[in-house]
Each structure stands twice: as structure tokens, then as C-alpha cells.
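By letter and in written order, the chains are A, B, C and D; residue numbering begins at 1 in each of them.
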Amino acid sequence: MDRLKNFIEDFGWPRIIIGIFLLCLFITAPFVGVRVGTSISDTLVRVGMNGVLVLAMVPMVQSGCGLNFGLPLGIIAGLLGATTSVQFGMKGLLGILFAFSIAIPLGLAFGFLYAQILNRVKGEEMMIATYVGFSSVALMCMAWLLLPFSSPVMIWGYGGSGLRTTISTDGFWNHVLSDFMSVQAGSFYFPTGMFLFFVLMLTVVWAFFRTKTGTAMTAVGSNPEFARASGIDVDRMRTISVMLSTALGAIGIIVYQQSFGFIQLYMGPLYMAFPAVAAILLGGASVNKASITNVVVGTFLFQGILTMTPSVINNLIKTDMSEVIRIIVSNGMILYALTRKTRVKR
Amino acid sequence: MSQAPMRIRRFIIRTVLILLLIVLGMAMYNIGREYSVLLDNGTVTIDGREYPVIAYGSLIIDGDERKAIDIWEDDRLLQKLVGTSHTLRVLVLDEDDDSAQKTAERKIEMDFDTREWMISLAAIAGESERILIPNPIYIGEQETAPLDDEIQDDADGIPEF
Amino acid sequence: MMNRLKQFLISNSVPIVFVGLSALAIPISGYSAGYLVQEMITRLARNSFLVLSLLIPIMAGMGLNFGMVLGAMAGQIGLIFAINWSVVGIPGLVLASLISMPIAVFLGFVCGNVLNRAKGREMVTSYILGFFTNGVYQFVVLYAMGNILPVTSPQLILSRGYGIRNAVTLTGLRLALDRAMNFQFKLGDFTVNMPIGTFLLIGVFCLFILWFRGTKLGQDMRAIGQDMAAADSAGIAVERTRVIAIIISTVLAAFGQVIFLQNIGTMNTYNSHEQTGMFSIAALLIGGATISKASISNVFIGVTLFHLMFVVSPTAGKELIGQAQLGEYFRVFVSYGIIAAALVLHAWKRLRERQASRRGLRGETQG
Amino acid sequence: MTLENVVRTDSPPLLKIDGVGKEYFGNKVLEEVSFTLEAGEILGLVGENGAGKSTLMNILFGMPVIARTGGYTGRIEINGREAAFSSPFDAIDAGIGMVHQEFSLLPGFTVTENILLNRESTKYNPLVEVFGERIRALDRADMTKRAKSAISKLEFHIDSNTVAAEMPVGHKQFTEIAREISRDNTKLLVLDEPTAVLTESEAEILIRALRNLAVKGIAMVFISHRLEEVVDLCDKIVVLRDGRVVREAEPKNTDVYQIASWMVGRKIEGDHSRRVDREDTEPILEVSHLWVDMPGETVRDVSFTVQRGEIFGIGGLAGQGKLGIANGIMGLHPAGGKVVFDGKSIPLNDPAHVLKRDMAFVSEDRRGVGLLLDESIDWNIAFTSMQVQGRFLKSYLGGLIQWRDDEAMRDAADRYIELLEIRCTSHRQRAVELSGGNQQKVCLAKAFVIGPKLLFVSEPTRGIDIGAKKLVLDTLKRVNEEQGMTVVVTSSELEELRAVCDRITIVDSGRVSGIRPANCPAEEFGLLMMGAQDIAAAVER
């Protein structure tokens, strides 16, 4: 019996509760007339879409900067990359690569500035990250109005200047990753390209944490005093982790858009950090430790719930409760993590 | 054991205060409740007696002369009355010189469901014992067409404050 | 004298910046003085109560209470019942407040205990708790009301038979308090309405705060705000007092929300409580308050300056760059930006204070 | 200091400690401690670090840590009645006040508010019936009156409404004492190193104030390292060593040196005679006018040189700055001054540079600085050398990617697990799961892996079992003899230093009070520790 107990202990209660909840959804799906095939492929598509955004959480958590509520900063870099690539009318694979090539350096630059703030406010990063993220989103709203974009697809019909709220990536690089070697079997659609890209990013981050700098970064997160005593520049490590997180956020949003089909500007990215934070916490990460498995498990569980609840529950009790369940589950998870007794290092 | 009586005294005071709050709530409910009442002016027969329609008259609610309302034949007035007890004074006027041929006053209690019953002005004018007559239409539904706006997604709306 | 002036400038740097900003924007926006004064009075009456409810948790060292959203929700539930029973005028407002009180006490109790489990991270936890409770609130209001909870008024219920509509007009309650004792005066060619009733209520609330600071409970809260460990070793019930601070703040936020909505006239059931939290905190910070110290004057200065900027920036934006939308985004940016800046300054100052206090022990010989 | 002792034989003493003992996880910390204290009498309690003074006070004050670790033996009586306090609040109710070394004053509160914290005088108002006692309004006038009377007892003037943060250190100390004696039932005041942070003049004023309090009938237990103050103020002195009362004396018939010898003098076990004299080899480390800003361990002005291949000891009492030296040189705390290593000077405040110059450091704060608690043993051992010397890495693409070489880390870990007999399940076990002794061995292994020319070791044997202590000290000696590695040991255990080191320097209040060969008599070290430099200097060769 105690083997079960310590399995529960290390796997953690929330994951088990939500895991069982998800299982029940999958089981009841056929009885409620929901084709399991489509809902599974829906889940997989959403996992591919959001995976990299959840992965963007790992570097900052590992280096002790806490949960990256400032993800919108990375997302903005991604949006700039996407809009410029659409502006120049780049098509297909070249289009998305061009978007990446702009988004990543911008992400690193934003990450660097963002890190300077975070390094000065050790101990209260999360709240400040939230509002730095919000104010940068609001700042970008003004920029979207003023930036000299001219491609007809993007600007408001009458005004002539300022971008539309949502821009379709159709005809540019829509589904370019998802459809690459994708498998379509009856109602089941598997976006192999996107998953390959997701696995690629996972390996890149996994590999990074096995290098010398990666190891140093983990040490900074685990015990900054120890790291300092071993001659590591703690602030430099934190800066690298923030830059990495922001760049990953930029990549993640582009992957999200190529599958979603639209680029959401203006206030779109405002609340995008919370689902990613909830997902990685659901995967078992704590406020100062996160692993690659946390990302995969968390994204599957979280997106699973998001896809299954609308179809199954709605058919079950004829009401659309999915929005409420999403809010309660994701914020419940973050609340659970925040009230854990973690060693306050600072 | 000086603690016990003091604690009991304090417990009593607290329960009394909470009860007071509840009573205050109920009082507010009664004072502030607003009824939408239909007042009908048409020939009506109650308990076998017929009361003729008021060709032309005026209705004064709660003695407020300035807000007197003209009554024409076959009018059906919708009035919002706040509070449970009111006085309705009906004046039957001569069409030419506006002189009051007949005045009748009636105190009413809002203890009936305003959607099932409406008040007949003719009955009041005819000093009838019962003045409530069945209300053919449900008032509530028609008053404002239910507008079905789904929840506005807060992410893209500009916060208005 | 010079350094006292320097001290004054530093500690009130934020309000001074905003005075400058508004001074610039007002002429551009071209609003008449009368209109602006009317707007400021209305908005002062509308928001002061809410912003004042933030003072007590700051005094108890719990930082900005992003959980005031819970109080706003309680206030809205109270209003829903008042509208449902179509109780109007002042009695309607009093009934709504009475109904919201037990709900707010319960929510405050829950919030207080959750914050006690997340010491050191109170603000982000209360922020997330606000979202979480919003989920529960939506469940109650969108699904439970109408079928489980006795809410029947057609004006509230969605056509599907249960759940409250998002836009609800407060017929009968609108401006009930403001018009109760209204004083009109002319300014230039503009008649300005001054809601005396509301300002009286706000005055009573200020007196309550001043009186409360002088009570033992208020002193305990100040002690906990200074140094939780020292207060605990002196025998003060730290955890209980913090919960009481949050309960008081939540209940007052509920009343504040009732006053706020009766002034606006319509209630967005699912949005207005979220914005209330964020804008009240932004206003308080603009008034020069910090996360560890806030006074009543910060509230009134903050509300005036914040709303001056809020009213003026869209039109100023239109004049400057021909994009009204720009001004709207500008004021959202300023609200978020001011909170971010205040948080950063607070954390940075605390970090420097810790280093400075140790520098005092430095060895004499600067070798 | 003559106080005619009105010995009231009939009434029981105010405080009677009778045969009190305490054990922490097997090792005895207090044994058969007994003494009595009359009202209005001042008792000086002296003893080396770890002699059990603070444990005794924790027992008296009913601190929860005592009950948590198995309670205590023996009896404590207050006015003849047995007093077993389960919490500090019981002690306070019984009339015992405690003044700690670090202040627990509220910076933003005025002196009055601090003194009457949680005992404010309040006025009744009707709301109390509804919302309970704490809604009573503060009676500021009465509070000021009470605070002033408490301050006046000390016959020292403090303006009662200045804010604590703006007061000089001395005034803060007085406010804290005033707070303790403002409780009307305070009969016994315990002062734990009250003069440690005060200047000479402030200390003088404090002692005069304490004497006034005694005359007013308040008994006091005065704990201090400054023996002159103890002799000057106290009516009787109790000397503690290794948890036992070794001597109880009147200040009249004793003096500072005798007390020092009682505190320190005991037979030294183990081979004391360190053999060869190191004078002939050239210096490896020269430190001049070093200052280090380390909280609680401030180093003000320290200069010394260490010979190559020597085991150099740094001793001194807690809080006098000995630990600051190693931390300062290794760059972990802001420091200044000149440090020359192996002929070349070292920039301070730069940990990476110092490590690159093959200097290693085993920190005194094992859990806080020394270890990565949630990582495995092989990580902990290999980490520093990986980051500083680039070992345990496989580099690809010409060094562009430096990949962690887990096999090499495992081999190194297994080698040291076997060499230092680290008891663990495997090299994958997490450091947090190891015992204190094994954790210390891991820290040593982390330092040895670098193959340093000079090794700083701070408090190597603090909080570890006897077996591990012996092994750690023997390893240090073996490494020094076999590899000629110079070792600088900082420790508060004088015994340990004399058993291991060639020469020992004693640090007192941030300065070097003297350097002695290890085989010098213990009393002399005791004197140096007490800050009695002048006498010791005269004796110096």
C-alpha cells in the first residue's frame, strides 16, 4: 500500500485528480455521441500548438526567476516576426522561417531588457512580470497603430494606417508545419510536422540543460548562494534564462498562429501567460523546479481538458460550461502551486 | 468566573444585531419594492353589477395633484408604484367644463400578483367592493424584449471604466 | 531645507509626473473647465470608496489587495437580488449592500486564509485568487441563478431560462444615492451636479479609517505590517489579524462596488468587477501611495489624477495623431505601466534598504 | 561593587536552578547545572561558545525548541514554586523578561508604541460589545505615561515619541530593556550579550542603568564575553564549560584572568605536539588590512600571513568576525584590503578568479551555501570544478557545445564516497537525504576535486557526530601531509584548532588579538578571545 502512497506523493494529488477527470471524459465521450477520433486529434493539435509556449516556462523556473507571467513580452516579439513576414508576403516554409528569423533576435533583445528589471527585484518577480507583460502589450497596441505596415491584407480598410485586430495567415504560412507529412485517417488528423517541431524544441531545451551553462543555471535556481560560491555570475545566468524563455515564447506564438490560422494583435496576448503557467504546474513543476516531462504531461492534461470539456460536458448536461471549467482548473492549479510551502531562498 | 456572563451578554448582543440587520433588510424590501400595475378603464361587470367606462376623468395617485393623469375611454395605463400601500382617487369630469361630476377614493394594498390582476378604474368610480379584474396579458414579458447578448470576451474588449 | 524638498519630490514623484502629463493633455483635448470639473466630481464620487478599501490591507503589510475583486463580486450578487425583487431607490441599495455583506465576509475569510498560506507572495496569490473566484462566480451567476437560485426577473435572466445577462440596466437604482442630496452650481455655462450623499458616505468611511487606526486592532495591524516576527513574539495573533484585515477590505470593496455601479447605471455582470480591481490600484499608486505605505490623501489625489488622464487622453490622442484609439490604448498602458513601475520601485527600494542597512556595519578601515 | 546582601534565609530564592540537564540527539549539552538568584541580585553567566549558555536561557524562557527536542531534566523554581514553561508567554507571565542581542523593535513605531507592544492601554467603547476587545481605542496619554515611567526606571532619558528607526543603537537597546521592565510583574531580566553592539560609552551608561534596576529589586542574568563588565557589574559569577558549572565565585575574590582560565582551561586530548616548525618555508598567503562586510561576522582590520604547507588556525568567539575572513577572501561578501596569494595579488569580491587560482572553500553554512540540497551527490561534488576548471565536460564542435559527462562525474563521486566513507545509497542520492556528517564529507570532496593549493575550511565539525568529526580532521591532516596542501581552518572549537593546526590566530571584534603556536597553554588563547590584548601582548615572545 505504501508504494501507492509514495507514488501519489511524488506524482502529486492535483495531477491524479485531473488525470482521472480527463480519463472519465474520454470514457464518457462515445456515450454522449462525441466521436473519440476527432476529440483526440483535437487534443493533439492543441498540444502541438501550445507545447512550445509551455516549454518557454522551463528556463526561467529552473533559474529561480519563478513562473514567467511576462510571457506576453515573448509573444509580442513573435507577433512582430509574424506581421513582418506577412508584410513582405513571404509564403510557405520560407515565410515561417523568415518570421522565426525576426522573432528570435527580437525575443532575445526583449528578454535581455526584461531580465535587467527582474535582476533588480529578486523575490518579487511574478507580480512584476505580470504587469511588465501587461504594460508591454498595451504599449504594442499603440505601436500596431503607428507602425508603417502597408500590406492590404493587414491594414484597416478605410483608415489606411494601423493593423487589423486579427490577421489571417491564410495564403502565407498557414498550417505549413502542421500539414507537413500530416496523417489524415478518417476523422483522425495528426499534425506530424508540428509535433516534430515540438519534439525538436523539447530536445533543444533538454540538451541545453545538459550543457555547462545549463547545469550552472539549474544550480542558480536550486541555490543561488551555492552557485555564487562556485564562481557563477548569478545575474548573467538569470539573464540568459529570461532571454531563452522570451525567445521560446516568440517561437511558440508563431507555431500557435500557423495552426490557429490567425494572428491576434492588440489585446490578444494579454492573458496568454496563464494557460501556459497552469499547464506546466499541472505537469508537476514547482515554483523553482521544472523538467521536460512536466511540460509534456502538463500540456497533454491541460489541453485534454480544454478540448474534452466543451464537447462531452455540453452534450452531457446541455450547457456550455467549458469556459468556467477552464478558468477554475487553470487558476486552481496556479493557486495550488503558490500556496505550497517552498523554501523562501531570498 | 467573570468571563461567562460577559461572553453570554456579548453573544446576545451580537445575535440581536444580526436579527436587526435582517429586519432592516426586510423593511427595505417592503419600502423599496416597485410594482408595475395595470389600471384599466373599460366597462366591466363585477359580481353581476356593471360599471360604465369613464368617458373622461383624471386619476390622482397618493394625493399628488401635480401628477394627475387624464383618463380617456378604454385606456389601459401602466403605473410603477413604490411601496405596498397607496391611495387612488378617481375623478369623473364633464367633457366641456372639466368640472368634477364624481370623485371616488380607494386605499389599495399591493398584496396581489400584478401579473395576474389589474385594477379597474370604472369599478373604483362605481364604488365597487372588488376592484381587481383578471389581467389578460403578462406584463413582465412584454415590457422589455429580452436581449440575448452572450458574454463579451474580456480579452479583446477595451476596459471601460 | 533643500534635502527636505528633494525628499518631498522623490516620494511624490509619480503624482507630479501625472500633474505634468495632464497639464499638457488638457489644452490639447480642448475640454471646457466645467465639463472636466463635472467629470472629476462624478468619478471621485464613483471610485473613492473602492480605492479607500485598499488602505487597510496595505496597513497590515499585505500589499495591494488584488483580491478586492472578490468584494466587487459580492456587491454585484447583492445588486442582482435587489434588481430581481425590483426594490428601487435608496432601500434597494441598502438591501443590495446587506445581501453582499455575508458573501463578502465569507470570501474575505477564504482569501485571508489563502494569503496566510502564501506569505511573501500575497499580491500574485490574491491576483490569481481573483481569477479563480471569478470562475466560481461565473458558475454561480451563469448557471445556478434561475434554476437553483431563486432569480426570476425577466430583466435579468437570459432567454434560455437561467443565467444572468451580461449587460443589466439598474433601472430604479441608477443614481439613487447620487441624486439623494444633489447640489447644483454653475461653472461658466455648465451646470455641475455634486452628489452630497455619496461624498457624505465617503467622509464617514474616511472617519472610520482614522478611528480604526487608533484602535488596538488597527495598532496590531500596523505592527504586523512592520515586522511580522516581532509582532508574533509579542503575542499578537498574526494570522487571525491578517484575515480580519482582508475581510474588512473585501466587505468595503463590496459596498464600494454597489456605489460604483449605481453611479454608472449599468452592470456588466462578467467584466466590471475585474476592471474595478486593476483601476482602483492604479489610481491609488498614481496618488503617490507605495505598497507599504498609503494614506487617505493618496486616494483622492490618485483618483483625480488617474481619471483626469483617463478622460483627457483619448481626445488628446485624436488631436495629436488623429487616432482616438491611440488615446484609449495610452490610458490602458498608463494604468498597467504605473502598477508595474510602482512594484519595481518598491522591490528595488527594499533591496537597496537591505544592502544599505548592512553597509552601516562596514569595517572602519576602507583598506 | 558592594551590595550588602540581605540574605533572607527564610523566604525561598527568586530563582533556583537545580540539577538542570539537556541532551540534543545523543550529545550532552547541559549537565547538573545548579545555582540560585535572589531578588535585586545580578548574576554573571560566562562561558565559551557551545558551553550551553543559550540552551540554559532557552530552557528558562520556555522556548518551544526545548520541548520539541525532548524537554530537560532537573527543576527550576521561581519563589519556591516549580516553574515549567511550555511557551515564552508563560515565562513572561511569571515575570521573566528576555533581551536578545539582535533587536526585535518595530522600526516605524515610536518608543512608546514599542515598549507597550501588545500591552497598550485602551479605552472602552460600545462597539466592544459587538466586535470584541480589540476594537477598544488606544489611550495614548496613559501609554506615554507608562512608557515614561518604564524609561525613568533606567534613569536614562529617551524622548518617548521618536521613531525607533531614527534612534542610535544604544537607545534601541534601552528601549528594548524598557519594554521588558515595563511589565509590572517583571522580577527577573535575562540580558544576552547586551553590550556586544554598543560603544564603550554606551556600554558604561547601560551598566549604570542596570545597577539602578538591581537596586529597585529586579534580579538579572547578565551574559557577556566582556569579562571586565561582568566583574564590574555582577554580584556573583557562574562559569559554564562543556555544559557543566565549573566554578561559582564572587567578583571580589577573583579577576579577569582567573575567570578566563576557568572558562578555557582543560586538558587537551590527542597528540598535541605538532611537529616541524614552519618558519623556513616561504609565505603562500599574505593578508593586510582586510575588512569584510559579513552580517554578524564583521571583519574590521585583519592582517596575517600563512606559510606554504602549514595548517593555519583562526579562532575566536562567535560574532567576532573570524568566519568573515574566509568568506571575504573568497569573494562571497563585500570586502577590501590587500591579499597576495602565491606572490600575485588577488582582486577581492570576485569568487570566480579566486577559484581559478586554485583556492577552495568549505563553507560554515553547509545547507545554505555549501550544498545543492535537491541535487544528487555527484552533482554536488563535480559542480564547482566543472564550472571553474571545465572538467567533467565533453566538448563537441570545437568547444562550442560543452556536454555534461555523467560517467566522469559518477566515477569521481564513487571515488570520494569510498575515500571519505560517505554513507549513502548511491551517487544518485540527493544531498538533502544525507546526515550532517556525510553532507560535510560531500562538501570536502567538492573542494578536494579542485585539487586546491590552499583550502579554507570553516566550522568543519559543527553539528556532526563524533565519528565523522574525527574522520574529517584526520582527512585534513592527511591531505596536508601527503599533498602538502595548505589548510586554513576557522573554528570556534579551540580544542579542535589546537589538535590540528600549527599556528592559531585569535580574532576579537573584527581584529587580530594575537597569533600563537598551537602548543601554547589554553589560558593564553582564552585571554586573547576575551579581548585582553594588552596582557597577552606583554607575554608574546
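Criterion: contacts are C-beta pairs under 8 Å (C-beta built on N, C-alpha and C of every residue); 3 or more make two chains touch, one makes a residue touch a chain.
Predicted, not measured: the structure shown is a model, and the values here were computed from it.
Ranked by how far their CA centres sit from the centre of subunit B, the chains are topped by D. Comparing each chain's Cα centroid with the centroid of every protein Cα atom identifies chain C as the most central.
Averaged C-alpha coordinates put the centre of subunit A at 48 Å from the centre of subunit D. Subunit B and subunit D have centres, each the mean of its CA atoms, that are 81 Å apart. Centre-to-centre, using mean CA coordinates, subunit A is 57 Å away from subunit B. Counting partners per residue, subunit C has 138, 142, 329, 332 as the residues that reach two or more other chains. Of all residues in subunit B, those that touch two or more other chains are 151, 157-158.
Within subunit A, residues 266, 323 each touch two or more of the remaining chains. Looking at the complex, you find that subunit B touches subunit C at residues 21, 24-25, 27-29, 31-35, 82, 140-141, 143-144, 146-152, 154, 157-161.
Residues of subunit D touching subunit A in their complex: 330, 332, 351-356, 361, 363, 365, 368-375, 379, 383-384, 386-388, 390, 393, 401-404. By the touch rule above, subunit D contacts subunit B in their complex via residues 129-130, 132. Of all residues in subunit A, only 69, 117, 120-124, 126-128, 130-132, 134-135, 137-139, 141-142, 145-146, 162, 266, 274, 319, 321, 323-328, 331-332, 334-335, 338-339, 341, 344 touch subunit C in the complex they form. Residues 211, 214-217, 219-220, 222-223, 226-227, 229-231, 233-236, 358-359, 361-367 of subunit C touch subunit D in their complex.
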